[in-house]
Each structure stands twice: as structure tokens, then as C-alpha cells.
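Paired with subunit B in one complex and with subunit C in the other, subunit A is shared by the two complexes that follow.
On to the complex of A and B.
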């Protein structure tokens, strides 16, 4: 070999190596990147559906009212009417699907109310708060029903 | 001969120029049909959250509900949490901030009434930024902005490299110790795609947190945004945050 490429052979070898590696890269990319990647953006579209599969813990207030319309009735017009049932009763999706499967625990009638109503300077002044003297150790339910507290015990 | 070659080059050039917009248009058409759950079309929604500091009572129900609903691990891992601010003597550069156990068990009284300071609660969560810094740094596309404006994580694709944890200006991400992948608020994507509200909004007793759909013209949020002075956190970062705070104090970071 005496042509002009005489001194370029080592360059051609390197170039061939690069081309070879590039082809390998293309194959690897085709094999590893999911087919629909990038359909909506730089991510796997299946991740959207995967994020929706989790089971519910909280059924939502509308579900409770289906069966416990009497409770909803007694809350009407009260200051507690806006509060979701599960804010006080905890997550009850299994109970809502099958009432026998999960028995709701009744909240402790004192500590539980104070979780929201205890005096705290960081709370908005418009929110009604009570100090330790308010009930003097009696459970709040003696004088306030939980579903319509300003209407006296148990409506 | 040369005439036809010129023609050919011209039309080839035009075609080449058109493929870009055509590809974009095709993407748009396809994503218009993004069906992620039965009866739910992602393009018809644009989710965000409204947080009203003026009515937050710091009861911590949202933190608890979030952990329950999303199986967030015990301990110092939170998808949402509540902070208590105490701004003494009007020095808003150095507020006293605490968040015992993320506010999960509520807040014991620490301050005295009438000490001349300002004190209030600030619920925090992922801001679901429209152009999110965390999405930009992900090397594999495992975190992304969904077509309905929720920043989600592809748990099966995440490497656990922690770039996004560093990139989030709001500190909303953590590494799940069980899987070693990243976790964060998904705006209860499994709930909102079924027509329910998020767990935190479900249990909020005062309406301090409200899920909002900015694409729904009937959503009361439009009226609220019009009549209130609403802010986002760190607006100077221009992340397109969609967590709107009413009554936000200048001391809140």
C-alpha cells in the first residue's frame, strides 16, 4: 500500500471501531428504551396508569353518607357539618366497601376534641378554642355531641 | 436535469422543515387522548392546590391522612407536613420555625399569648411546578409533569440517584428507605383520577387545603384567585408552582 492512505490506516481502524461501537449503541438503545417512551413527554406513558392503581384508604364523605344519612342529617346546620367524616373516624374505605370487614373505633371523647380545639396562639383567633379549665376533666361528650357540638349532648 | 434537481432539493428542504412542526402536532394529537384511568382524560384537567393559611388550625390531620393513604414510611418521611412559624418583633428574616414529627400529632403550645409575635401554621407539599427543576435534572425520565399538571414519579424506572431531591427548591422529595427510590406527593393521583379529592383535603376540617382544577371553569378557585391576594412560595424561581397560598407571610420560605 503506497497510496495516499498509506499513513491513514490507523485512523481508519479507529474510525471503524467508532462506527462499530455506535451501531452497538443503537442496538442497545433500541433494546433498552421502552417502545412508547416519549409519547407524551420524556417519560414512560405507562407510569401514568401505574400511579393510579393504589388502593384507597379514605373512602370520602359521599360514600359514608350513602349509609349513614341519619348522621349527616344530625350534622346539618352545625359548625361541624363541613368536616369530613374520616377526619374524626380515620380511614374507613374497607368499612365503606363492606361494613363487616372493618369496625370503626370510636374516638377518645376528650383528647380527640382537644387535638383541634386546645388553646394555641398559632391558631387563627377566629377559631374557637378552649383552655384546660373549660371541661375540668369531664369528657367533652357530656355536654357536646360530636356531630353537632353546639347543640348540646347527643342530638 | 439541473432544473429537476433544484426542484427536488427545494421540496426536500420544505419537507425537512415541516417534519418538526408535524412531529409536534402529532405529539399533541396523541396526548389529547391520554387516557390514564377509565373515564378520565388527562388533557381536561390542570391540578393545583389552594392553601389558606388564615384558617389552618395545625391539627395535623392532613399529615396523618397522607401517610395512611399513600403508605409513606414511619419516621421523618413526609409527602406533606405542617410548619409552625413564630415571627418575633417583626424580624421576618429570622422566623422561629418548628414542625415536630411533621405536625402529625399536632403542636403543643410553645409560646405565650400576647408576646407581640406573629404565629401561624404553614402546610407544605409538592408545589407541582409546571416547569419543575426536579424534572429537568432526572437523567432517565423517571419523574415528569403529567398532561394534567401533576409531577409524578415512575417508581419502577427511578435509579435512586437523588439529583431531584437536591434540585427541589421546596424540599418536597425524599428517598424511600424500603425501595431506595424517590418518593413525593402525587397529589393522590389514584384518587383525583377517580373523581375524589386528595386525602389531605378530604380530612381538612376548615377547608385550609383545597384541591383545585384550573381547567374547570366552574371551580370556585377562579373566584378565590380573583378576590384574594394569593402567592406562591419562592416566586423568584419561576418554577410555575401551583400551590397557591392565601395569607402568606413574608417570612415564609
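On to the complex of A and C.
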């Protein structure tokens, strides 16, 4: 190279390197960013459709009640009546399809209850809370059936 | 909320406040970026402001900045998990997210400022090494020459001018890099401990202080390891600039404090109580007394009293080490302190630091050691020492520019 830039070859090369890297980046961006990204906002709209193709984990309350209507009956009128079955027993779609394929989770009858009912100043005062001494180490289910705690132990 | 967290809670907290979401790793991130920005500012003293005395640390400061900049995003990635997704912030930039935009600030500083400046300053050395070395190292240096081995006076003059221009751009970039870290905290209006427009300025000056202290210590340590005498004129000058930066930092932090105290908004009592109790040791004792008053006193003493070289070296080392501890404490008090009090101003929680945990003390120590390992490799590949070749670096050789 001649002319005034003949001593600037290294600077031209480093500039070319930067431009090259930027072009590679543009290609990578074109290849990697999903086509519909940003159509309605900062997300990929087809993610919704993609999610519907995933296998279901939760069966839903109606499926539980089909077989376990006695439990549903026992919960009526209780503060726990509106809690979803699978909130405590875990996702059970496979169990609903074939009861032998998956066993429902049986939560720990003390630690699990404290997840919601341990005394905490941040909880509303009207929400039932217990301190560490309340059950003297006994499982909560000794006195409170988990499906309807107000009605005493589970029959 | 984890019931195990309850014993460490005092008073009234909202449910999401008992556990801290930003751990020691988030403390490390502003600390590391601060060291980068500060080291670069020290290097710019030699390059742009023609402070010839600090020339022996010029290249060392740049390599230190690079080593720490490479590690700076790692604590964030360890905290967030899924490091493979980090690149997505460049692919689909979220322009309204302050944190996401930091990715661009970081990239600009790494590629357009630091790497370019180091490359330009080392180019003559790289070309010479590519000629002298053999085997794989030769190929490595050859690759870095980009196939141009023109080290004639015209080409070097161009390098010098380009390097000087990049440093001039680099100074506001370094301000932006660390000012931005302060902005990320300062712009969180829901948190009165963080939310102040002074935050970027406070972060910036504390960054300059910590970076200068780091380079001073690294320079002294590397000189001792190599069995070389420390250039006392250089050390005295760095010590003087450290004092100046410290005084500005002190003034800005005092201004921030005075502003908070006079304004005394609804959060003040709660924050004041926190500083007097939970943060007393890390804020008052470590950050302010040990990390600021003592180093300022030591550096001031050196200015006022005629001391032997040995005594000055010792005092500089102590002052710089205390400075680094103090600035780390400042980052700790900002990040952790900002999460200890309830937004109700009626309660406090406690930070429990685990040891062997993804966000514990163990990884934090490793992440703090990693830049030194990288610096060691960089120093092996690109020796920054003066005796390597006085004429190699135009800046170090004191060429007029």
C-alpha cells in the first residue's frame, strides 16, 4: 500500500477486524433471534404455542374429584376447601391417566403445614398461625385433618 | 419464605424482605469494576496528563484493568445462573433495562478502549517478540500483529497518537463504566439507601481510589517478587494522587451524608438506626475509620513529614491495603445494607453468608483470586517491565505526544 496510509496498515486491519466481528455478530443475530421476536413486545409470541405442545403435569381438580368425591365432600365448608388438590399432593396428570403409574405425594404432616402457618409478623393477623410450642412436636394432623382442619382429626 | 430465616428478623418486614436476594457476589461486581476503572484512570495519568513519574506502572495498570474486567461479569453470571444466556442481551437488547444496557457499556469498554489501547501500546513489542520467539509463542504473537510488522517511526507515531486518542475517549468511558454501576443502584427509587443522584459520583471516586491503591500494591508486590527496587518517585506520585482522589471521594461522600441528614426524609431514622447497629462494624469501623480516615491520615503524614524510603514504602502498602478493604466494605454496605431494612422502616433482617454455596464466601474468594491469576498469565505473555525495552512503549519512553 502506498500513499499517506501506508504506515496505517495495522490500524486499517484492526478496523477491518472490528467490522468483520460486527458482521459476524449481525449474521449470528439473524440466525439466532427467533423470527417472531418483538412482534408484540419484548418476547417471542410463538412461545405460547410452543408451551401448549408440552406434556401436561397437572391433572386439575375436576380429574381428582372424579374418583375422590369423598375427599371433596369432606372439605366442604372448610377454609381449605378451595385449595387445589395438587397444591399439596404434587402434579398428578400421570396418576389421573393411570392411578398405578404415579403415587400422590403425602406431605410431611408438620413441616408442610408450617410453610403457610408458621407465625410471621408479615402475615395478616386473621390468618391462622402457630408458634413453635403450639403442637409440642406432635404432627399437626393429630388434631387437624388436613382436608378440613377446623373439623378435628381426619376420621 | 424460608421459616429458618425468621429468627434473624427483627420488627416488621414484608414477606419478600427476610431473605436477601443480592449476595456477596453482587458486592464483588461493583468492587471489581471499580478496580478496573481506577486502574485505567491511573494509566491515563501517564498517557494523557503526562505525569511521567507513574510511567513504570502504565502497562501494569492496563493489564490489571484487563484482568479485573475479564472477571467482573463472572460474579453476576454465577449469581444469575445460566451464563449461556448472557449473550442474549446483545442479540435482543432490552433498551429500557438499566442492567441489560450495562452489557453494552462493558463491551464498549473492553473492546473499544482497553483491548485497543493495550494492543497499540504493545504493538512494537508484539512485532519484536514475533520475530524473536519460536514455535507456538511465535505464532501467538504473529497472530496478534495482524500480519503487519511495520514498526517504523511513522507507524509508531500513528500508534502513539491513536493510543492517546483512545485514552482520551477511555477516560469518560471509564467514568461511564463505573458511574453506570453507581447509576444501577442510585436509580432504584424504591430503595432510599441507594436512591440518590450522587451515587454514580460516589461510586466513581471510590473506584478511582480503589484502582490506584490496587496498582500501587501490585507494583510493589511484583517489584518485590522480581527482586527489583521500587521506583520511589513513582510510588510517591501514586501515593499523592491516591490522597487527592481520596480527598475528593471523602468530600463527595460527606456531601451525600450531609444531604441525607439535612433532608431527613421518612427513611432517615430507620437507616440511621441500621448504621448505628447492624452496619456499625462494616460501615463506621471498617469503611469510614479504617478504610478512609486512617489511609488519608497515613498519606497526609507522608506528605507532611520527611520519612525514609523504607518507612514510606511500608506506609504506602498499609494505606493501600486499608483502602482496598475500606472500598470493599463500602460496596458491601451499599449492596447488603440496602437489603437489611424493611421498606416499612419498621424492621430489619440479617445477611447469612454461607461458605460452600454457589453464592457463598468460597466462590467469592475464588473470584477475587482469579484476576490475579489472569494478571500473572498476562504479565508472562506481555511483560510490562521497564527494562524489557525502554523504547518499546512510546508512553514509557516519554516520547512527546
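Just so it is clear, the second predicted complex is superposed on the first by the 104 of 155 C-alpha atoms of A that agree within 3 Å, B and C clash if a C-alpha of one lies under 4 Å from a C-alpha of the other, contacts with A are read in each partner's own complex, and residues count from 1 in each chain.
Keep in mind that, in the parts below, a residue touches a chain if its C-beta (ideal position, glycine included) is under 8 Å from a C-beta of that chain, and two chains touch if they have at least 3 such contacts.
Just so it is clear, the structure is predicted and the values come from calculations on it, not from any experiment.
Shared-chain residue A:87: touches subunit B; no touch with subunit C.
By the document's definition of touching, of the two partners only subunit C reaches A:18; subunit B does not. Residue contacts after overlaying the shared chain place A:8 against subunit C, while subunit B stays out of touching range.
Using the contact criterion defined above for the overlaid structures, shared-chain residue A:124 touches subunit B, although it does not reach subunit C.
Residue contacts after overlaying the shared chain place A:28 against subunit C, while subunit B stays out of touching range. Of the two partner chains placed around the shared chain by superposition, subunit B and subunit C are both touched by A:37.
In the superposition on chain A, A:51 contacts subunit B only, with no contact to subunit C. Once the two complexes are overlaid on the shared chain, A:112 sits clear of subunit B and of subunit C alike. Between subunit B and subunit C, B contacts the larger number of subunit A residues.
Subunit A residues 37-38, 42, 115, 118, 120-123 lie at the interface with subunit B in one structure and with subunit C in the other.
By the touch rule above, subunit C contacts subunit A in their complex via residues 1, 3, 6, 9, 11-15, 17-18, 90-92, 94, 111, 116, 119, 123, 145-148, 150, 152, 154-155, 158-159, 162, 347.
Taken together, the subunit B residues at the contact with subunit A in this complex read 27, 30-31, 34, 36-37, 42, 54-61, 65, 68-71, 84-86, 106-107, 109, 111-113, 115, 119-121, 141-147, 152-157, 186, 189-191, 193-194, 196-197, 199, 202-207.
Considering their complex, residues 37-45, 47-58, 60-61, 82-84, 86-87, 90-91, 115-116, 118-124, 126-127 of subunit A touch subunit B. Residue ranges of subunit A in contact with subunit C, taken from their complex: 7-11, 13-14, 17-18, 25, 28-29, 32-33, 37-38, 42, 114-115, 118, 120-123.
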